[in-house]
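Please read the structure below before turning to the comments.
Each chain carries a letter (A, B and C) given by its place in the written order, and its residues are counted from 1.
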């Protein structure tokens, strides 16, 4: 597949790895922001190619992992209503709320459907005029244009039986929150490439300046990540701290203007609670007044109890890159992909699931015998 | 300083009720088998944990197996639920080293099912049975209320005669054995997804459902030292490899580069964020053969159209027991774990 | 997050009335109808990055090639260095 396979070439990967090894003089800790990047790293065993001086920490770039508990409980309550058809991306189905997940509710008879695109949700609404179709609008800025278009189009067509449960989160505020934590060890970022196809990278420049950290807009294939690491390390070794673009084939500095305009038309910035981190001001999106009629929270006034949760899950510390999954007392024992205690174990991009699936055996055997999965340092 | 607000749900009870994932063919299915069925029905053939039971009746070695089919949609590119019902059971017998002879079929039909649909499914079963060289000799039909069934559920059971001399089972797998896959992966899963609501796309991919006795028998007749066979179904290649690694207490090293996947299947998997190593197949198997026979085994298999992409994908190792590792395209390594539930399309 | 895959635009239907600009995009032989409203410049033959049914960006083939050109150049220099050096450098 063009523009995909070339970026998985092993000879080129080896060459980039050599180049990184030549550049590195000191240990560095980098964070890759996006869950999709984490996925590639663990799936391709990328850490095996990096020198041990480089430590890659997995960031909170997994909208599945950071969707607040209350929203999941609300989604479940809405899905359980007999008149609703609840549509969602596949990722969200397994995430546990306070007592169950959407998959559980589906198993109990609720009409929960996996869709590929929010426009599929709209199609369902047109085809089922007597049902209420609700779409779980989760995601970072990458997904916001799609969700915005669905709402915008619904309004244009006068579709009354469609609404969205908004759970959008924004990346730059999350990065700032991580950087402002006193325990922050992150020295450079691989920014989420697809978020930047939409938003460009202008908004990262003040962050890079304020915190003096290199931020490299990076793609998602193994070669992209290797090149991104190389660019970040080159900056760090020379004391530079700028925003650079590794993902040049897809990202422009100003991003995608039509997409940004549609987002601004439909959504406005709002405070948002991040599961495992807490509330971060101006870090989420909500529907503007004009489109509030499409807000599922307003349309379905479901009571959601706030629950006192036991805090055995250290998702917060893991999501901020402060702890590794295997440092959690429940990791691999009470908390596994079958019985997840928190979202990072459910989502395949979650740091905990990634470590569980690919690296838990590390602690039963000596490191040299196993695929290297945990970064040292 | 940012307030860290730890949030964590109350643990979900895993054992209270059946989830869809219990039917996924992965970890939860195995848990169900280990915790509920095996303790209740404990006996030697069952404990062998192979696809079919190997029995000895008055000196004649027989294989006996059963499978149920609940697929949605009933008709998909390349086949129907009927094809799966025949081929699935025929293949389970083949994996025991048995020549499939007779099938039974139990139908559970939903009230309101179109007769035309039933005719289509039954016709496809007729054709599949003929192609596989088996006879459907006994059957049963029940009808359930509208809403209580997905159109058609089919159970088939099959009997075959074990002709091969050697014991084909996970216990026979040895360190050094070559791991061979009989053809390209993921076509069935993609074909199903291509017509499932919400995930539709136009794909020139048909289900790979096919009877496998002929190529399997060809391996025996060529004198290939076949130690174990497993057909790939739900959970894909990964589930099969993990089950055998676990049952045989061996390790496996697989090279991702050598796993055959056709481009259209890859394209579909990329869009949906699925890993072909976990996608369902219905006409593919994995064979564990003595290392020195690997080359010949592939030659033998490639004579069959459905095995034209047969390839050696890795080797069995003594340790770590029960673990399958994968060397990625770029030379990194990871553990290829068993799926713990259905693989769902993702945006992330 | 953000699974976005490059696909080739095979056909384009411009927006008309209430319907959005869309087209058939090919991913290794599999085709899906994708909304092209955010890539008004995407034409048949172009590759677009697609996320949840929307094209978000047109792939720039020249930029796409650059990393390989840079590495080829680097390789050439390595070989020259290797020929000049007596001892091998690097791990």
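Convention: a residue touches a chain if its C-beta (ideal position, glycine included) is under 8 Å from a C-beta of that chain, and two chains touch if they have at least 3 such contacts.
These figures come from a predicted structure and were not determined experimentally.
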item	value
Chain of greatest Cα-centre distance to subunit A	B
Inter-chain pair with the most contacting C-beta pairs	A-B
Closest chain to the centre of mass proxy, which here is the mean CA position	A
Centre-of-Cα separation between subunit B and subunit A, whole angstrom	33
Inter-chain centre distance, subunit B versus subunit C - centres from mean C-alpha coordinates, in Å	35
Gap in Å, rounded to a whole number, between the CA centres of subunit C and subunit A	22
Multi-partner residues of subunit B (each touching 2 or more other chains)	263, 266-267, 270-271, 273, 346-348
Two or more partner chains touched - positions in subunit A	1, 4, 35-36, 62-64, 89, 116, 120, 139, 143, 349
Shared interface positions of subunit C, touching two or more other chains	1-3, 5, 27-28, 51-52
Complex contacts: residues of subunit A adjacent to subunit B	1, 4, 8-10, 13-14, 35-36, 39, 42-49, 62-64, 68-69, 87, 89-91, 93-94, 96-101, 103-104, 106-107, 113-116, 120, 124, 138-139, 143, 177, 180-182, 222, 273, 275-280, 307, 309-317, 320, 334, 336-342, 347-349, 357-359, 361, 364-365, 369-373
For the subunit A and subunit C complex, residues of the former touching the latter	1-4, 6, 12, 15-16, 18-19, 21-22, 34-36, 51, 61-64, 89, 116-120, 139-140, 142-143, 145-146, 149, 153, 156-157, 192-195, 197-198, 220, 223, 227, 248-251, 256, 258-259, 262, 349
Contact footprint of subunit A on subunit B as seen in their complex	1-12, 14, 17-21, 27-28, 31, 197-199, 257, 263, 266-267, 270-273, 275, 320, 323, 325-335, 337, 340-341, 344-348
In the complex with subunit A, residue positions of subunit C that touch it	1-6, 8, 18, 20, 27-28, 35, 37-40, 47, 49, 51-54, 56-57, 59-61, 63-64, 66-68, 71, 74-75, 89-91
Contact set on subunit B toward subunit C in their complex	190, 194, 200-205, 263-264, 266-268, 270-271, 273, 346-348
